[in-house]
Amino acid sequence: MNKRMTLREAVEQFVPDGASVALGLCLESLIPFAAGHELIRQGRRHLTLIGPISDMLFDQLIGAGCVDCVMAAWVGNVSAGLAHCFRRAVEQGLPHPIEVRDHSNFTMSLALLAAALGAPFIPTRTVLGTDLPNTNPDLIESTNPLTEAGEPIILVRAVQPDVAILHVQRADEEGHAHMWGNLGISVEAALAAKAVIVVAEEVVERDVLLSDPNRIIVPAHKVVAVVEEPGGAHPSPVQGYYGRDHDVYHEYHRRTRTPEGFQAWLEEWVLGVPDRTAYLARLGAERWQRLQRRRSAPSVPVDYGY
Amino acid sequence: MDYTPQELMVAAAAREIKDGEVVFVGMRLPLIAFVVAKRTHAPTAVGYFECGIVRETPSPELLYTMADPPNVVGAAWATQLPYLMGLMASGWVDVGFIGGAQVDKHGNLNTSYIGSFKAPDVRLPGSGGAADIASLARRLLIIMAHERRRFVEQVDYITSPGYGEGGEWRQMVGLPRGGPSAIITTLGILRFDERGEAYLASYHPFTTVDEVRANTGWALNVAPDVHPTPPPTEEELRIIREYDPHGFWTR
Amino acid sequence: MNKRMTLREAVEQFVPDGASVALGLCLESLIPFAAGHELIRQGRRHLTLIGPISDMLFDQLIGAGCVDCVMAAWVGNVSAGLAHCFRRAVEQGLPHPIEVRDHSNFTMSLALLAAALGAPFIPTRTVLGTDLPNTNPDLIESTNPLTEAGEPIILVRAVQPDVAILHVQRADEEGHAHMWGNLGISVEAALAAKAVIVVAEEVVERDVLLSDPNRIIVPAHKVVAVVEEPGGAHPSPVQGYYGRDHDVYHEYHRRTRTPEGFQAWLEEWVLGVPDRTAYLARLGAERWQRLQRRRSAPSVPVDYGY
Amino acid sequence: MDYTPQELMVAAAAREIKDGEVVFVGMRLPLIAFVVAKRTHAPTAVGYFECGIVRETPSPELLYTMADPPNVVGAAWATQLPYLMGLMASGWVDVGFIGGAQVDKHGNLNTSYIGSFKAPDVRLPGSGGAADIASLARRLLIIMAHERRRFVEQVDYITSPGYGEGGEWRQMVGLPRGGPSAIITTLGILRFDERGEAYLASYHPFTTVDEVRANTGWALNVAPDVHPTPPPTEEELRIIREYDPHGFWTR
């Protein structure tokens, strides 16, 4: 089935108000900024955001008023510092209050893995003795029923996102997708989610994908939309395609210290551009060119023959 | 002084890594400490990066984040976060690095809320993998700026567990192992006594015990043999400056 | 560190009597028959075998008297039928009684995954209402503490093998290993095990392995031995190298109906050959040649450059 | 008769697969039923193979086991067993196939122990993935030889759950969904009434209701509209024989 559509169509059809959305699952790379910006442009409201550490994108969605709840291990700006919109939302209720369920990276991954396995929870000994269970009802302090002494244990409740948005290197129009490099919690989230939106740097022939079925990230029957969006992860890096645009993170950090500053940034880079093509045009060809892959490092093929 | 406090901290952190160890590498300065250790005394150390990377060689270029493309090329494994965390949960990680906004005298760290979590003065980013590293690594190295408002009697919120209230607290709450081994600060190096309380083991050459105490929010114990921290060697400085030529992290 | 050694050395050094050993983790392919036969030749005793379905190899180890306990979902001969030695051991205590802990494929994978995650157990709703918990103390009937009604749940206790033996397509001498095709529960077992023995069709340069770090199966620091053993999985198939030798399974099934028949088979194919080279020589060059890959199906490379 | 009972069983099994469904394909005859369904009325069905394979096209050659190399080439996913089982646990698998050594009137299957499990007469191979498919798939199709010793009032050991003791048993024991939809045998097709008891829906053209009853170890209910099973069509037979030209599984 051909599931190819524009990002606008994919967000319209598959991310309604109130949805829980997993995104930014590789941590600092392959962040679906284009998809996040489209959520903002469409004025999506009451979202629950699910992710491990989020490098800047959650902050943007929170600042734009799209978010009611965040389930994440870290919301900030990895190379620059704190997240101003996240701070304003929690500290001052601006633009409106949000609920935060504090995870660690491991507990977030276990919550998604539990859902991927159809398990109600996974027990763990991480975060014992911390305050995280006090600010996250999905981390339940319990005792291990397999030990007589009843040793303490944390039960991490399964989290099933309504939709996971994955930015990948290549996919076909049916939803077979190849992703490489650090995978973070992408596999767990894609398996856990009720639906997967694939945003790809390139849409290629099915044969390319099926030539290497071990690299496919999730079964295509779970994928509801395939979007070709080159540069859709900028300013985050895409292995084999382009590097991280560090300056954007620093500029964002500087400019969003005030609500007015954030609004101006949002107008310039999100509301004021209709789509990613216009965004990249605003970025400028020369700057975009500088980020492109300079040298190849191809994988040595393997043989699936018999 | 021909080096920055950050450079000294990186060198001190690198020296905490033993050859052959598995290191859970944290963000910022530890990224460079791992490189220095690998290129000096710990050539067979293995680095885990929570985004899903394992490296046996330093990345060829400076990293701003651990998922930067230079960290993936030549990696010894590119995988899923829970696998690396799971190996740490099973005891495979010897040492992990984290920082914090607040630390207390038992080495507990707060990177979540300043003030009450119900109505915080400052909302910090949160745990990331820090709570996991502090819970599960065999020993923990803390790296942070030494300021009175950061070094507090008791953290407002325990994001990453140190020795809790001291004594047998970690065993009592069920943590499987670990605990802080040192706090490497902009002013000195703190270690922990058997009750899990931090004491000053060395002060950096450009400061004094009194200055360290003045910047610490509790009555800091001082080791009988307290001494100046050995400054970075020329080799260490050369490696740091080659790797971070513009001093993005170290100046 | 160069960990290369012969299979004899690897088994001598890293699989002592009484060890728990996970092997045959891809189900019907990449079964480490050469390693299993070496365990038999070295007269290993009191082993615990851990695996999903086991296609013939567990039967051989049981018949040879190496095994005290089996944790598995299925012990038989996939294309031919029942496992005669397994039957004799359970039904008649020949050559000696064994303990069997009955798993399903899913519960076996969860037991290993739990150990891989450092979790004491994983809860699941599979096998509820079955008799498996009656013949496996590692499947504990419990109730879900997250539900008020206390709905029934099975707690699958973590299983940590002393050693996992993986047959892979290619590895380097340090233990970086590439495995492709159906992976079964290989990843879970390798992550869970205290040590990993890699048996490879080919030992190649490190650069080949590190050219594709996503395909590496387990961190090399967990690997204690690397063995180059071409044909080491015969008669099971190795994707890209050789096909399944169906006749061996049928011949084994026919010949091992009696203890005497099994002993004769064992003398001919295990005890009577010093190593895999001699085994393949006995098989015959022509027959071995017929199983070799006839056509290539290479994966389309990906670019890790930047 | 110009077809074998196995060929009829394969055709009947194929007809149980609806287009677009996710099918957990079992060993032996279901391997071929999936191929027939794909090539006739269910071109977009997806096959899960527990060894870690997902296929959207039939394998290019006959499979003796699901991990045979032809099943991997051109697969739509090659992965880890718990991921496929996990998707089934979450409700993504519409239908699964299994066989058994014993089945009872509530569709419970035994592939583990004949006699007492403490001192069994026969030790069978065990569950494999069968218990999981029977527990977790939305509906279950059972394929087996119809013999009196196999069709028993109550199985000696429940490896794979059917409707247990009937009624609301599955909900009571906590199974999330599912239950047997049909038993396709060498003699007929059994379906299940609302109390979860099997009844004869059709008998194969080469047998009779009485013969089926004589080969069933309990008093088998018979549908009022019981009828001969439609024989395999020419197209179905052609596909079966192309795929299994030597009749390894179907003769």
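Letters A, B, C and D mark the chains in the order given here, with residues in each chain numbered from 1 onward.
Convention: contacts are C-beta pairs under 8 Å (C-beta built on N, C-alpha and C of every residue); 3 or more make two chains touch, one makes a residue touch a chain.
All values derive from a computational prediction rather than experimental measurement.
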item	value
Chain located farthest away, centre of chain B as origin (C-alpha)	D
Length of the line joining the C-alpha centres of chain B and chain D, rounded to whole Å	57
Distance between the centres, which are taken as Cα means, of chain C and chain B, whole angstrom	40
Inter-centroid spacing, chain C versus chain A (mean Cα positions, whole Å)	36
Between chain A and chain B, centroid-to-centroid distance (C-alpha), Å	27
Residues of chain B whose C-beta touches two or more other chains	53, 69, 72-73, 78-79, 82, 85, 89, 136, 176
For chain C, residues that touch 2 or more chains besides their own	110, 117-119, 124-125, 153, 180-181, 183, 187, 214, 237, 239, 243, 297, 304-306
Chain-to-chain touches, reported pairwise for every pair that qualifies	A-B, A-C, A-D, B-C, C-D
Complex contact set, residues of chain A against chain D	1, 115-119, 160, 176, 187, 191-192, 210, 213-214, 216, 218-222, 304-306
Chain D-facing residues of chain C, complex	26-29, 52-53, 55, 72-76, 78-79, 82-83, 86-87, 90-91, 100, 102-107, 109-110, 113, 124-132, 134-135, 151-153, 180-188, 236-237, 239, 243-244, 246, 297
Complex interface listing, chain B residues touching chain C	22, 44, 46, 53-54, 56, 69-70, 72-79, 82-83, 85-92, 136, 176
Touch list for chain B against partner chain A, complex	27, 49-53, 64-69, 71-73, 78-82, 85, 89, 112-113, 117, 120-132, 135-136, 157-161, 164, 169-170, 173-176
Contact footprint of chain C on chain A as seen in their complex	110, 117-125, 140, 142, 144-147, 153, 155, 157, 169-170, 178, 180-181, 183, 208, 211-212, 214-215, 237, 239-240, 242-243, 293-306
